[in-house]
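So the structure is just underneath, and the comments pick up after that.
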C-alpha cells in the first residue's frame, strides 16, 4: 500500500528558464511545472480522459457542447479557493495572450461560460472531436486569476513564486544546481501526494547524469536525460526499473525535413529514394538501443487514427539508386542540418550522411547550436534537416500543422517547414479535423496517410522512445500518458 | 646548423619527441592509403573491442566505424588544426608585437591596449563564443583558436623586439640607412626566431587540445574526423567501450607530449647555456 | 684566438721560488682542469702551479679565455657543471681541497677563502637588501646572533668606505652605483676575515677613478688583515699597481712567473713581452696641428644638449637626466678628436647625437655648414652616409643571423647600390681591414672579438663616410688586440683622410691616437686642448684626478722607458 | 601607488567599455535570437508569439538603439535583465560567482602551489630521474584532454572508490549548515579543483624549473655559494625568489582567465559557476546575460592583473622604488 514520506531526486535537463508552464512550455519546464499546475483533465495511456481539476464532464450528442464539473475544495497554494472564474480567466484571457497552441484550439470555440462556481461550459462552432484531448496540463494549465488579473503576465513576480493547484508546491530554485518542490498538504485528494520533497537536479553533462544515478544521488532519470548508449548498462544495474510509458500523449515522431521548394528535393522520386536509402532499423537498434519504433508515416502509432496504409519504405539502397537514376539526379551535394540535442542526434546525422552517401547522395553536415537550428529551419535555409515533434494526442492538434499548405509561414519551426503543398491533402486534413463522429474521421485520415506516404513530403524516421529509468523503490512514478510531468501525485517510495 | 643538431640530439627526450612526431605526421599523410575507406563508414558491429578482429584491430566505435581508420584520418585534421591555427596566430601576433616593440610610444600603447582587449576575455570562453557564432566548421574552429591565442605571441615578440632594439647592430643598421621595415624584417625578426619556434611548438599542442575541448562542447565540425571528435564522441560511452576514447586520448597525449619535448629540445638547442655568452649591455 | 705557443719554454723567474717567510697558505700543484667535450680546447687550465703566501698579492694576468677565472673557481671549489679537475692538488694550509667533502667545503668558503667577482652589477641578489646579504655570511657559518650580525654588517660597510653605511645597509643593490656595489662585495668577502681573498677582475667594470679607489681599498685591507690575495686581471697597469708576484697565463698554461718587478721589467717570454709592448704609453705624442680648412671646420658642434626623460607614462613621475649640457667643439678634416671622462659623464650621449641615433635636445650640429641636428626622414637618411659609427661591443654590434658580407653590404644596398657591386666592395673592405675576403660568407660568431671589431670598422667604411665616431671601440678588447685595432684605425684614417671622434674612458688610449682631447664631467666639457697639453699640463682638477687615477703610472713609465730602449 | 592604481583603473574602465561594445556586435552576429530559441523550445509557436517575445526583449528596435540602451545601462553598473530567466543579470551572475571563485581560486592555489613545489624540486635535481619523472607527469596532466581526465577522476574516486562526490556544489537537501556545510562543499570541491589545478600545474612546473635553472646560472648565485651557504638555502633564498618573478606574471594572467575559463570543468562536474552560465546564455542567445558574464569575467581578469602588478611591486623592489 502507498506510504507517505521520503524525498525523491530527479534530473531536469536542461535547466528550464522558468517553470511557469502557462508561459514557458519547454520539456524541462513541464517536468517540474506539471506538478505545480493542473488542467481540467489527465489522459491514460490510450489517451482516454481522466479527472483532474474536472471531476466529471459531459459532451453533447452533436459534439458541440462540453460541460465540465470542477472538483470541490480545490485551493491555490496561497490558500485561496479555485473556482470556475479562474478557469474562465485562464482560458479566455491568460492563455489566449500567451499560448499559440491554445489560440489554435480556441479557434474552434464559439463561447465559454461558467454557470456557477463549479461548472464551465465550452460551446464549439462546429463539431471538433479532438477537442476533448486539448485539456492536458500543458495545453491548458489553470492559473490563478487573483494573482494575474490586471498585471503584466510576463513580469508578474508570481512567475518566480509559483502559485498553482497541483500536488506539489514550489519551494526553492538554486540556479545551476537544483529546483525543490514540497508536498502540497492541502491537496484536494486526501492522502495525496505521498512524497514530501522533490529535488530536480541540474547536471549539464550526460555522463555525469548517469554517474549521479549510479551513485544513488538521483533515483529517477526522466526519458532523454542520459545518452542512449548508457541505457542498457544503467537498466542492468541492481534494483533498476525501466519503462517506456508516459510518452503516449506527446508521441514524439522524428523525421527529416526535405526542403520541397528546392531541387532535387522537389522531386517525389528523390524523396522516395531518400526513404529507401535510410537504414532506420539500424538507427533504432544501434543509436536508440532498440527503443522506439520505425515510423510508417505521418501519424505515430500511439496516436488515434493511426493506420498502416500506403507504400512502405524498407532499407533498400538498390531501389534508391534506381530511383535516383530514373529522375536523373546530378549528384549535387546537399546540406544536412542535425538536431543539436546531444550525442545521439549527432551520431544519427552521421549515420544518415553515410546512408545517403551509400546511394550516391553526397551530404555535408552543417553543425549548429539550438539557436542556429531554429533560425535556419524557420527561415527555410536548409536542404535536409532533422526534427522531431510532439503529436499532442490528436492528428488535428499535432499532425496536420506539418503538412497543410495554409501552415506554410516563415518564422517558426512547428508548421509546414518543408513547404509541401497539395490541395488534396489540405482538403482531407481540414475535413478530417471537424468530421463527426470518430469513424468518419478515421476514414479521412486513412486516405491522407496513404497519400502522404506516397508523396513523402518529409522522410519519417522513428517514433521515439524515451525510457524512464528509476530506482524500483519508487512506485507508480508514471500514471498518465504524459508520464513524470503529469505528475508525481500518485508516486510513492517503498520503505 | 650542424651544431644545432648536435645540441638538439643531446636532448634525448627531444629526439624521442621528434621521432613520435614524425611517425604521427607519417600516419596522417599515409592515412588515405592505409585506410582507403571513409573513416565514417560503418564497417563492423558497434562496440567491437580492440584486438579481437585483425582487420579492425583497434575495434569499432558506437556505430561500428573503424577506430584505427578514424585515428589515422584524425591525425591529419588534428595536426592541421594545430598547425594552421598556430600559423594564423603567429601571422597576427608577430606583426603586432614587432610594431609595438619597435616603434614604442603611441603605436605601442594602441597595439598593447588592443592586445589586452583580447586577453581580458577568458580565452576558452571566447573561443566557444566565436565558434558558436560563426557556426562550427573546421575554418571557424581554426580561426577562433588563432584569435584567442595570438596575444601571448604579440607580448613575447614585443619584449624580444624591445630588447633587441637596444642592441648595437640595430643602431648600426639605422646608421647604414636601412629603413624601419627592412630593419624589423632583416635585423630583428630573424633574431626572435628561437623563442617563436619554441612558443609555436607549445601552441600547436594547445590548439589540438582546444579543438578537442570544443568538440566536447558540441562545437566540432561534424564533417571531419578529428581526434577531438572521436574522444568527445567516445566519452559518452566510456563505460561500455573504454577504447573509443582511450586511443585518441593517447594519440593526443603523445602528440602534445612530443611537441612539448621538441619545444624543450629546441629551447635548449637555441639558447645554449654551455657556450659562453658574449658580453651584452 | 692566436695560435698556441711557439713551443717556447715557460720562464720561471727566481723571485717566484725564493719567497721570504715560511709555508705558503695556498699551494696549487700541477692543476689541470678539463673542459667538457666540444669546448675550444681540452684543458681550461693546464698544469698550473702557484704558491700564495700570507700577506702577499699574487696577480694572474693573461688575455681573455686564458684560464684565469677557472683557476680561481677551482680554488673556491666552484667549477661550473661538466668542468672537472683532471689532475693536481690545491692545498689550503696543507689540506687538499680537492679531497674534501662538500660539507667541509661549505665551511671553508667565505670563512677561510673568500671571493670578489668582476661584475658588481650582477653579483648581488637584486631582491635582497644589502645588509641581509652580508648578514648571510655569518648565518652560513652559524656565527653571532641576528643583532650582532646586523651590527657587524654595518661596521663592514663602514670599513670599506661606503659614504652612508646606514643607508647602504637598507638599500637594494640596484640603488647603489657600480663602485658602491663592489665595495659591498668586498665587505661581504671580508666579513669573516678569510685567510685568502680571490679577486677576479674586481675593477674591470669600473671607471678609472673608482678603480683606483677600489685597488687602494683592497691593498689597504690586505695589509691590515694580512691576507693572501689572488688577484686576477688582464690589465698590466693594475698589475704594476698592486702585485707582489705575477703569473702570466696563455691558453691555460703558465708562460711566466716571478715577482712584479722581474716580470714587468725583464719579461722573459715573448707573449709577456707582447702584452707589455701593447700597453699604450700614456704619453701623448706630439702631432702636427691640422691645417685649418678654408671653408671652416668639417663639423661644428654648438651648445649641444641632451636630456633624457624617464619613468614617464600617463601617471608616473617624470625624471630628467641632463646627460649633455651645452657642449661645443669642432672637428677638422682628417683630425682625431678624443672625448674622455668617467662613466656617465655623457660621452656616449654626445657620440649618439652626432650620428643622430638620438635627437639632441638643444644646440646645433653643423656638418659643412648644414645643421643636421634637426634633420628628419629622407634628409636624415641621406646624411647618414657621411657620419658612421664603430661600436663598443663587438659581440652585440653584429647581427648574429646575417653573414658578414651582407652586414657590410647592406648599407650601400640600402642606398641603392646593386647587390653584386656591394658584395664585391664588401670583400675588398674585408681585405682592407686585414681579413680574408672569404670571411664574407661566414657568420659573426665564427670570429674573435678583434676580428669582429674589424668587421665593424669595415661596415662603417662601406658607406665612404667623412667622419667616424668610435665609441669605446677598443675597450672590450685584450690589450694586444687593442693595439692592432688602434693601428688599423690610424692607418685607415690616413688612407681615406677621415675625421675621427674617438670616445674612450681610457686616457692612455686617448693619448695614443688623438690630436685633440675633450674632457667631460657630468655632461659638461671641462677642458679641451691638444692631447699633449691635456696630459702634460692639465688645467682642470678633474682632468688631473683622471690622469692620476691611471693605475701603475709610476712603474709604467719605467716599463715604457725600458721597452723603448 | 595611488596614481598607479588610478591609472590602471582608468585603463580598465576603458577596456571594459570597448569589450562591451565589441562583444555586443559579436554576439548579435550569431544566427538566431532568444525569441527563436524560446519558440523552438516551447514546441509550438506562431508569428504573434514571436512578435510578443521580440517586443518584450526589445529586439524589435534597431541594433544601434539597443547598443545605446545597453551601454547607458552598463555605465550605471546595471547589466540589464536576462530575457530568458526574467531576472536581473547581475543577480544571476552574483549567484554563480562565489562558486566560480571558489573553484578557480582553489584550482589556482593547487596549480601554483604544486607547480612551484614540483618545479623547484625538478630544478634542484636537474638531469636526474626524479626531474624527468616530475616533468613527465606534469606534461601528462597537461596533455590529457581536461574533460577526459575529469571523467577518469570521477570514475575512480567517486564510482570505484566512493571517496568523493562526483559532481555538484553541495549535497542537495541534506540541510547542512555552518561547518558541516563548509566541509560538504569542500568535499565536492576536491575533484574539480584538482582536475583543473593539475592541468594548469604543468605550466608552472615547467616555468619554475626553467626559471630556476636560468637563475642558478646567475652571478649572485655564485656569490652566495662563495659565502659558504648550503645549497638548500641558496635554492630557497636566492634562486627560488628570483625565479618566481616570471611565474608571478604568468600566474596573474592565468588567475583571471580561470574565472570564466572553467566552462569544461563546470560542465563535467555540474559546478554551478559562471562558465556554465555563459555557455547556456550563449546557446540560448540570452544576449544581456552573455554580455554580462563577459563584462564580469573581463573585470575579473583586469582585477587579477592588477593584483599581480601590485604583488609584483611587492616582490620586486626595483619596480616598487622606481615608481
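Each chain gets a letter, A, B, C and D, in the order it is written, and its residues are counted from 1.
One rule holds in what follows: contacts are C-beta pairs under 8 Å (C-beta built on N, C-alpha and C of every residue); 3 or more make two chains touch, one makes a residue touch a chain.
For each chain, UniProt lists the protein as follows: B, D = Peptide/nickel transport system permease protein; C = Peptide/nickel transport system ATP-binding protein.
Computed from a predicted structure; not experimentally measured.
**Q** Using the touch definition from the top, list the chains contacting both subunit B and subunit C.
**A** For subunit B paired with subunit C, the chains in contact with each are D, in label order.
**Q** Between A-D and C-D, flag the pair that has more C-beta pairs in contact.
**A** Per the contact counts, A-D leads.
**Q** Please compute the C-alpha centroid of subunit A, do the same for subunit C, then give the distance between them in whole Å.
**A** Each chain reduced to its C-alpha mean, subunit A and subunit C end up 88 Å apart.
**Q** Just give me the whole-number Å value for how far the CA centre of subunit A lies from that of subunit D.
**A** The mean C-alpha positions of subunit A and subunit D differ by 39 Å.
**Q** Using mean CA coordinates as chain centres, what's the gap between subunit C and subunit D in Å?
**A** 51
**Q** Please work out the Cα centroid separation of subunit A and subunit B, and write it as a whole number of Å.
**A** That gives a centre separation of 46 Å.
**Q** Which subunit B residues touch at least two other chains?
**A** Subunit B, residues with two or more chain partners: 132, 135, 235, 238-239.
**Q** Note the residues in subunit D that touch 2 or more other chains, in rising order.
**A** Residues 30-31, 151, 267, 282-283 of subunit D each touch two or more of the other chains.
**Q** Return all touching chain pairs.
**A** Applying the touch rule to all chain pairs gives A-B, A-D, B-C, B-D, C-D.
**Q** What residues on subunit A touch subunit D, complex-wise?
**A** Those residues of subunit A that touch subunit D are 7, 9, 14-15, 17-18, 24-27, 98-101, 103-104, 154-155, 159-160, 174-178, 180, 197, 199, 201-205, 207-208, 211-212, 214-215, 217, 368-376, 378, 389-390, 409, 411-414.
**Q** So in the complex, which bits of subunit D are touching subunit A?
**A** So the residues of subunit D touching subunit A come out as 30-34, 36-50, 52, 56, 84-87, 92, 95-96, 99, 151, 154, 158-159, 162, 165-170, 172-173, 266-270, 272-273, 276-277, 280, 282-285.
**Q** For subunit B, which residues are in contact with subunit C within the complex?
**A** 6, 167-169, 171-179, 182, 186-187, 190-191, 193, 274, 278-281
**Q** Which part of subunit B faces subunit D closely enough to touch in the complex?
**A** By the definition above, subunit B touches subunit D via 13, 113, 116-117, 119-125, 128-130, 132-133, 135, 205, 209, 212-213, 216-217, 228, 231-232, 235, 238-239, 245, 249, 252-253, 255-257, 260-261, 267, 273.
**Q** Which residues of subunit C touch subunit D in their complex?
**A** 76, 78, 106-111, 114-115, 117, 119, 122-128, 136-137, 139-141, 172, 174-175, 185, 188-189, 311, 313-317
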